[in-house]
Each structure stands twice: as C-alpha cells, then as structure tokens.
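Next come two complexes built around subunit A: one with subunit B, the other with subunit C.
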Partner chain A sequence: MFRSFNAGGTAPARRSLWQVIVDDHGPGRIVLWIPLVFMVAFFLIPLALTLVWSVFERTMFWMEPGFTLAAYQDFFGSGRVDSFLNSVKSAAVTVAVAFILGFPIAVFVRRSVPAHAQHQAVLLFILPFMISEVIRLFALRPVLGRNGIVNDLLMSIGLVDEPISALLFTPTSVVIGEVLSFLPFMVFCGFLAMEAVPDYVFELCDDIGSGLVVTLRRVIIPLAAPGIFAAAIFIFVNSLGLFLVPDLLGGPGAANAGTLVVNAIAALDFPLAMAIAAIMVTMMVALLLIGHWLFDLTKLLEPFR
Partner chain B sequence: MSHDYESRWVYRAKWTYLLSVVGVLMLPVLYTLWISFNANGFGAAEYDFTVFWYVELFKNAEIRTSLAWTVLIAAIVVAITVPMGVMAAKFYQRTRFKVPFVFLMLSPLFVPADVTAAALLVYFKNLNRLVEGLIGVELFDLSLWTAVAGQITWCLPYAFVVILVTMGRFRPEQTEAARTCGADAWQAFWQVEFPQIRPGVFSAGAFVTILSFNEYVRTNFLKGGFDTFPTYLVSYMLNTGMTPEVYAMAGLVSLVSMAAIGLVLVVALRRRIG
Partner chain C sequence: MKQIDFNRRLFLQGLAATAGGVAAAGITPALAAGPTIRLWSAPIMRPFPTWEPFEEQAGITIAWSPKSASADEALSKMMVGDGKKLYDAFTDNGGGMEDAMAENGVIAELDTSRMKNWNLLRDEVRDPNGEAAHSIRYNDKIFAVPYIANADSLAYNKTVLGQDYDSWAPLFDPEFKGKVAMQNDFGPTMTVTAIYLHESGQMNIKDRSNMAKDEIQGVAEYLIEKKKGGQFRTFWNGFQQGVDLLASGEVVMMSCWEPIQRVAAGKASQDIVYGTMKEGHQVWNNIVMLTKDAAKRGVDDAFYKLADTCLSPWYTTRQLSRFGFASLTTGMVDYLEAHPADFNVADLKATLKRKEQRYAVKGNAWQNVYPKELRAYQEWWSRVQAA
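Moving on to the complex of A and B:
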C-alpha cells in the first residue's frame, strides 16, 4: 500500500529480488507459517497417528497396517493396567501435594509482594527448572538415601534413631521426585491466573474482614481455578508419563505409564507402545476439554492478547 | 510493602517459606555438586577439595565425543529454534486464530517427553520406509536431524513465549511510522523492531541452549548411533552405579546450566545499569 504511494504514479522502479520477496504481498509472508507447519508435522500429526498405529498388527520387529485391538487387550488384560492405575494414584497424590505446597506461594507473591518485584519472585522458580531433569532426579539419591543428607539431619536433631529407608526406592520417593520436579508449574500457573485479578479485590476482602479461609475458598480459588486446573493437568500427565522418575528413584518394579511405553518399545512391541501413548494423549485432551468447559482456560492466555 | 492488615513478621515468614522452597528444589543439585569436588566421593568421613574427577572426565575420549555431539546439537537447535520463535510470535500477532495457535504451540509442554518421543520415533521410522520406497533414500533414518527435530518441538514453546512477552512491550506505532516513511516490512522489522526485542531473543537463545544441553528423553529415543552427554551419563550411571565420575558428570552439567543462567543475569543487569 505504502509502496504504491511512494512510487507516486510514475513507472515503478526496478526492484531487486530481495525487495520482491519481502513485499507485503510477496512470498516472504510464507516464512511466518514455518513454525505452524513444523509443529503440525512433527508434533500434532505424530501424536494423532498414535491412535492409528495402536490398532496395527504387530510383526516380529515392526508393525503392518491392519485393524486389531490386540494391543489394547494386551494392555488391559495384563499387570500393565495395574501399574498404570497405581501411577494414576501416585500422580493424583503428587498433584495434591504440589497444590498444598505451591499454591500458597502464588497467592503470597500476588497479594503481598510489591508489584514491580512479583515477576522476579516467580522467576526464582525457574532456576531449579533450568538444571537438567536427569540431574535433579539423580541428585535426590544421595539426599534421600539411608546415609543421605535428610537422614543425617533427622538423626542429628534426634528426631529418629535410625535412618528411614522408606525415603528412597519406594513409592514415596517417586512422589517426592515428582513434586520436586513439577512444583514450579503450580506457582507459575497459579500466579498467571491471579495476575488477571485486580488488587482491589484483595483489598476489599481485607476491608470487609473476611477471614483467610473464606477469602481463599470463595474468592481466591475460584478466581485462580483456570490456573490451578492447568497446573494440575500438567503435573498429573507428566507424573504419569515421565519414566525417569520411577526409573531413577523407584524401587524394583516401579513403573508408570511412561515406563510401560519405554519397555514396550524396548521389546519391539510398537503397537502396544502406541496404544499406551494414545491412551495418555486421549486422557490429556479429555482433561483439557473438561477444564476448558469448566473454567475457560483461555483466561490464562489473557496476557498474550 | 505488605498489604495493610498483615504484620511484618507474617510477611517475613512467608518470604522465608518461598525462599526455602526454592532452596529445597536446588538443594539436591548443590549437594551433588559439593560431593563432586570431594576426593573421597560420596559418604566419606573426610572432605578433601579436588578437581581430580573433572580432570578424569576430560581424559575419557567417549565423554569428549559425547560433549562434542551435545554442543553441535545445541548449536543447531538454537540456530533453528530462535528464528522460529520470532516467526511464531509474528505469526501470532497477525493471525485471527490466536487461541488455537497458542494451544498448539504450548501443547508440547503438556505431553510427557516419552510419549512425544515414542510417537516421533515411530513416525520417523514410518516416514523413512515411505520415503525410501518412493525415492530410495533413507531421508528420515534416525540421525542428528531426527534428534534435532525432537528437541525443537520441546524448545520452541519456550522460545515462543519469551519472545512474545518481549514483543508485547514493543509499540506497534513505531512499525507503522517506519512503514509510513517508506520502509518495507523487513526493514521495519530488522531496523526498528528487532533492536528493541533483542534482549528477549537473547534470553530465548540462552534458554534454548540450556534446554537442549539438558535434554535426555527425546534425544535418547531419536538419536542415531551416537551419545550426547546426558544419554552417556544416564547409561553410565545405570551400568556402574553412583561412582565419583557420575557425580563429576552431573556436576559438569549443572555448572554449564548455572554458567548460562549467570550470563543471562549479568547481561540483564548490565543493560539495566547502562
């Protein structure tokens, strides 16, 4: 538009190839589509196709097109479904613990920390997140072990007489590992949801003298619900899926859905791996849809509008 | 400044809680770092500071090779992901379908790494067979490039968000002014907008470097016949248990991440002062 204005009605000057490319209507616009195309090609399509691959016939080393529910029968008719349900339970515990430990931090930062420092305070929780997942989990071994730092501390202050061995290579250690891995997300999402709430809402609660419990239950939690729900889904699905946690911290036989996928691939049973992946993806989509229906998760995206 | 009806001590107690949670999250990492500098290893009664185990690491040719692969992959991933993050943020500003687009861009965060990685593995194997059948070239054989693609799906959401937030502070009137003065879209972006979003692009780059350097699950599934540092570390650890070398390797990874964070902070502080 501006270009034709600049040309001033005279014959258009010869333009270089570069100018043709970056023109408002030139081929340069296509460049902006690259990320979208990439994510569709290397994320959306592979995940959607897990549903298709899960009904393929298993061959010796690979799979071939067909329709069979053998993989699902294999999953639901074996001990795998028990491991899966166990990991659902421990993931639910993880979500609850992360909420109890993490959400008050989000409330505190939003309500009490000076406005200009709020983002910095939340960003503190990025620090541990920047250290490799593998390292953080692996590092819990010397911390939680029988002669680890936690047991040393408990013994030296005389709380226990002998080291607690239940802290490592047990279901408890898996929950501890998951909480420590995913806690920051409860802080981020809770804060993100509460950021949209104007200050006067909190001031009003103080002025009418509503107690902490009432304020939390009737004002803060309903307002932060989209954030809490998003964080809960995130933590739940990742606790269910991340095989590293039971692998590094769980005892013998510890497994979650991720372990089942990894083991199935190691056994070259690709349809089974894809079936479990498909179940997880379906579960996540269903949870997101329910959350969206209940709380309108797009509220979380308000800052990006 | 706490809010009106709160005592100073309650306010301080809350800060203490916040900082101690961060401390607890960091404690295991710092503890292993501390052990890694002990000549006697974990659980020893005496602590003798040494860098012996680190020197040992660099004598190991396999570790040097795996480090080289890690650096190479990180460089490629940063070089691709950061421009893509800028493009995605630009696309977001222009598209009418903002919510679906953001959902798509952020969804990799909500799918566990091993599910994405397994799906991508089977996808690449299928694509490889398909393409080989069509043109006879194993274009999608597991290699450096499949690992890079897997890592990009993981890093792009972060780069996108960081750059988008920085772009939000840029006033679009400046682009309009530049366009009115006769700049084309590229000049308006590169000479007017980009200098102002450069801090965001820089942090996105640092962010992606760290994420790529630390990535284990996807790389492990999608790499060709080589080891990156994290995959080498995990297989070494699972084979030999918790030896001093493992602590040193873990320490090295943590130190690299901390150095990158430190660099970002120093640059940010210098900009604020300058």
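Moving on to the complex of A and C:
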C-alpha cells in the first residue's frame, strides 16, 4: 500500500483522499475482504446447504427439514448410479484423449514457437470459447451424422461402403464433444506448467541426445505433472457436469451427472438433486486430495529449481 | 394430397411469423386498449408474430412473459416462488396440473357462463362425464380452459420408406433398428409404449396413462430390451432437436409432436407424414388458468375475455393453421369456409380430418401429468436411460 513520505520531520504532508483510502490501515483494506465474503456467501454456504438439503424429506413440490437418507437410496438403488458411473468413465476417457491431443500442443508451443509469440499462440485456443457451447455442439451433428460431412468424405474416398452410425448419438460422440469443449484447459494448464521450466532444461536434453519419448517421460511430464493434473481435474469435473453434451450428442437417454441433477429438479425431487451434487463434490475433493498427495499441487506455476 | 405440400407452405408462414415475433420481442404489452392481464404462457399460445391481433380480438391488453413447457417450472414458480404475485393467468398441461394448482389454492374456480364460446367445447371436455373432463376439473369443479390439444403420433418419412404406416409396431421392429427415435420424457414415451404393448396383446395394462408399479416395470423393461438391442438412434429433447433428427435423415420415423413433423417436412422438402396409429395415441390438451390472487384483484374480467377468445373459431383456426394444435372445439370448419381468403381451406380441412381420425381411435390414452406411481415412473425411466 502507498504511504505518504514525510521528509525532514516537518509536519505531515497533506494526503489526498485516495491515499487515505488505500493506506494499509485505511478503509481500502476492506477490498481484501470482499473476495472472502463473496466465496463464503456464494460458495461455502450453498455448499453446506447442499449437504444439509440432501438429507431433508421430499414433499410433493419442495422439501421439509428432517433427516433421511432416502435421496441417497434413490440414487444408489436406481439406474441413476449406472448413468453416473458411465459418465465417470466417459469423463476419464475425455481426460485421456485431451491429454494425448492437448499436452503435445502445449509442449510444441513452449519449445518451438518463438518466445514473443508463445502467449499469442496459446490465446488462439480461447477462440472456440467465443462461440456458444450449444452452437458448437449442435454444429457437430451435421458433421458426425449418418449423412454428415465425415461420413460423406469417408464414402467418397471409398474407405467405407455405408455410413458409420457410431460417430453420433453414441458414447464416442459424447467424448468427441467433451474433448472439443475442454481441450483448451489442457493446453493452457500444460503450457503454464511448461513455462516454469527454463530453456536450458530442454537444451540439456538435446545435448545429451535424449530422444523425444525419453525426454517426455523422464523430464517434461514429471515437471509438468501438477499442471497436467490441474487440467485433468478441470476437464473431468466439467465432463461430469455439463449436461448439454450428452443431451445433444449422446444416444437414447444418455445422461451424465449434470443430467441427473437437472432431471431430479425437473421431477421436483430437490433432495435427490442435492444428494447427487453432494456426491460430485465429495468425489472432486477426494480427487484433489489424491492429486495433492501425488503431485504436490502447491508446485503448480512454481519456477523450476 | 401429400402432407408435404401443406407443410412447406406452413413452414414458410411459420418462418415469417417467427421473424416477426423476434422483431417484436420486448414490445409487450402492445398498444391495444382494454384491461391488462399479466399472462405467463408457452410461446405456442400465440399463433401470431405479436399479441396485437389477439388483443384487438379480445379487447384486452396482454403483458406477456414466456414460459417453458416444463411442468416443474410452473410448480416451482406458483407453489414455492412468487408466480402468484407476478402473473394473473398461466398455461400448462391439462390432466394433473390443474389438480395440483387447485388443491394448493393457487387457481380460481371458473364461471363458464362468462364465456359465450364455452358451448363450442366438445363433449369430451365439456361434459362432466367426458373422457377429457378431468383435464380441466378438480373435485368436479372447472378450474381451467383448454386452448390447444392434439393426439400425438408417429411421424415417418414416406419419401424414404415408400409406404404409409398405421401402427407403432415399426417403431419397435428390428427392421428399422437404429433409425427410429422417441421422446426423452417418460410421460409420452412410456404411455405410447404401453398403448402399443396393450393393444398388440403383448401386455395387459389397465390404464396406459396411470400404470401400476408392475406395469411400469414391464413397459420399462421392454424399452430397455429394445434400447440394448440398438433399436433407438436417440431420444430427442426439445422442438429443434426433433426437427433436426427427422429433417437430416438420422431417423426415418419417430414419435413426436405434430409441429416437429410439419417443420421437418418443410425443411427436408420430403413427404414426412404424421400417421394415424391403430393402437391409439397419447391425447392431451393445454390449459389456461386464472390465479386466485388475480381474481381477487378483479382481473377475472380480462381473463374471461382471454379464455373466451381462445375458445373462438377465430383463434382455434389460426392455431390449426400455424401449429396444427387445434383445441377440442367445434365450429372450425364453418369458420374456415366462411373465411376462404384467410386460409387454405382444403388443406386445413384435411388436417382436421386426420386429427379427427386420431381422436377417434379406441385405444387412445389421455395425458396424465401426475400419475399415481410417479416415483416408480421416474425410477424406471432412470433405468431406461442408463441401459
């Protein structure tokens, strides 16, 4: 914070209103509390309410205070748990595909693009976010459909005799949609992690003749592990929760955790919706703890030493 | 006459109307005189680009708020939220919604003598013993006015298939494996499946729209078996997805709303037909209701003008022309013939005739928004989705 400078022990110089406000002991310090208040009011309290409401009694149109595990029984005793587990599998595959496609891009940008252009190159991956998620996903239908562009191309060059149905309205199309939506997370996080690695590390690998695979496996990936894990968490959680993807690209009745929550709310089963949300949060926290234990997430963005 | 001839023209009309509607968005209430009513309704209630023609006809001013077709939205807003303060009248599905609203004191009982067109309603609804009487009544008292109705059916692409169909059987026939779709909603999908299974003698189901637990299980297990066998390309959600599936050729037949078939036929320029199924259809109506608070505030007069206009042939013929969702009222044919300059009379009479054929099928089941075993429906539908 700024302080007025009092030279020569003379009377304190007159301070402007702005200086008074931003002084360490001035009212400006309240600004520091705003994010904390915001997070408590709009994150922690709703999160706590989610857990509390998940054990409330369901009524016809709302819920009433009480303690029951009926919502959790509804979840685990119906087809919902299968849909949830299917979406966990789908999200895991999405993370793997996003890593295979996205991390090499991050490495390429860090190693091969001139330093002054690296950030601009990474920012290019923001462009897809400028288009509405619904539009992006809906646009995949005429691409992947039975009479879509991909099938037309494959048939025109003689690779297949009849359209491939598996490209759309299947788990495959859900993964394609999720990768399309979340690939930039892997590129951003991977690049940020790689940015902390100084150039001489790469030069050293080149000097000792370390091949690409060995360099990736023994140097680059271990150094970038916290960033890769952060990206994986982003992608995994979003894949579980973004119900638009299975809704637009999934097969008959395809559902992820987000769909299950939406369906529960549509059925006015609010405790069930809260229970599913609570299960998602629990899983996310567990994954973060495991990730921290394995990769020490405090090292994310920490300069290489 | 092919349905496509009819549909392409309507589709273009629809596009023009939609464009006009978009242009006029945000200009409510319009300039019409008369008492103002705050209406929360599905956009489909307005077969015009703006509310102005309706306001002029009814002699009221409408302050309109759009509402989705989702039943939970109405329940949440009216039962838990501030809907009663915000709106004087609102729409939803008949057959359960009016019971929930009336039981909880949200809506007012109606005086049918204040609607001069009330007697145009067909006996199915107007007669206390009619098969759709329950869809506007609670404890034998009238709480709602129907404004659109239909018997949902199977749309099929005759251009591709080369023939007509009059049964739900092809929807479940392995011959069309992976080329059919149903709605991603347990209500219509399980009811239609139940109608087919019952009428084809594969299951004995007492009430197809209000099934017992074991019947729900039987229907769900049938759908699961078909789904696992790859029968369904997908389950559609929402109007645009439905249109896209049919028009793009992803499916050659699917159970759907009539406007989906009409728009898809126009979009694909193919003869996509809305058939009449011999086993039966899910029949439904949408209703408009007056909140108790509005009745106390004296908005009831504006409401009766609105409801009476909805029952008039002036409105029902325009609904028929725009969306194909004519209400269960009489007088449409006479009105069409008296106003040949306003309509393609022959086409609309053909549409009405097909509609009558669907209504007349013995195995039809009326929509039930809140079946007795609602939780069993929800639970088994989750299993269908997860299969």
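Odds and ends about this structure:
Going forward, the second predicted complex is superposed on the first by the 268 of 305 C-alpha atoms of A that agree within 3 Å, B and C clash if a C-alpha of one lies under 4 Å from a C-alpha of the other, contacts with A are read in each partner's own complex, and residues count from 1 in each chain.
Here is the rule we use: contacts are C-beta pairs under 8 Å (C-beta built on N, C-alpha and C of every residue); 3 or more make two chains touch, one makes a residue touch a chain.
As the structure is a prediction and not an experimental result, all values here were calculated from the model.
Following the overlay on subunit A, a clash is recorded for the pair subunit B and subunit C. With both structures placed on the common chain, the touch criterion links A:Arg217 to neither subunit B nor subunit C.
Using the contact criterion defined above for the overlaid structures, shared-chain residue A:Asn147 touches subunit B and also reaches subunit C.
Taking subunit A as the reference, the larger set of touched residues comes from B, when subunit B and subunit C are compared. After overlaying the two complexes on the shared chain, residue contacts for A:Val31 are found with subunit B alone; subunit C is out of touch. In the superposition on chain A, A:Lys89 makes contact with neither subunit B nor subunit C. In the superposition on chain A, A:Leu180 makes contact with subunit B only, not with subunit C.
Of the two partner chains placed by superposition, subunit B and subunit C are both touched by A:Ile265. Residue contacts after overlaying the shared chain place A:Phe61 against subunit C, while subunit B stays out of touching range.
Only one segment of subunit C in 22-30, 148-156 or 202-210 runs into subunit B in the superposed model, and that segment is 22-30. When the two complexes are superposed on chain A, the residues of subunit A that touch both subunit B and subunit C are 62, 138, 141-142, 147, 265. Only residues 1-6, 11, 14, 17-19, 21-22, 24-29, 31-32, 35, 42-43, 84-85, 87-88, 90-92, 94, 98-99, 101-102, 104-105, 107-116, 118-123, 125-126, 149-150, 152-153, 156, 160, 164-165, 168, 179-180, 182, 184-187, 210, 213-214, 216-217, 221, 230, 233-234, 237, 242, 246, 250, 253-254, 257-258, 260-261 of subunit B touch subunit A when the two sit together in their complex. Those residues of subunit C lying in contact with subunit A across their complex are 70-72, 75-76, 79-80, 100, 104, 178, 181-182, 184, 227, 232-235, 237, 241, 244, 248-250, 374, 378-380, 382-387.
Per the touch definition, subunit A reaches subunit C in the complex via residues 60-62, 74, 78-80, 82-83, 86, 138, 141-142, 145-147, 165, 168-169, 247-248, 250-255, 260, 263, 265-269. Per the touch definition, subunit A reaches subunit B in the complex via residues 2-3, 6, 19, 22-24, 28, 31-36, 38-40, 42-47, 49-50, 53, 62, 101-102, 104-105, 108-109, 111-112, 114, 121, 124-125, 127-128, 130-136, 138-143, 147, 149, 180, 183-184, 202-203, 206, 233-234, 237-238, 240-244, 257-258, 261-262, 265, 270, 273-274, 277, 280-281, 284, 288, 298, 301, 303-305.
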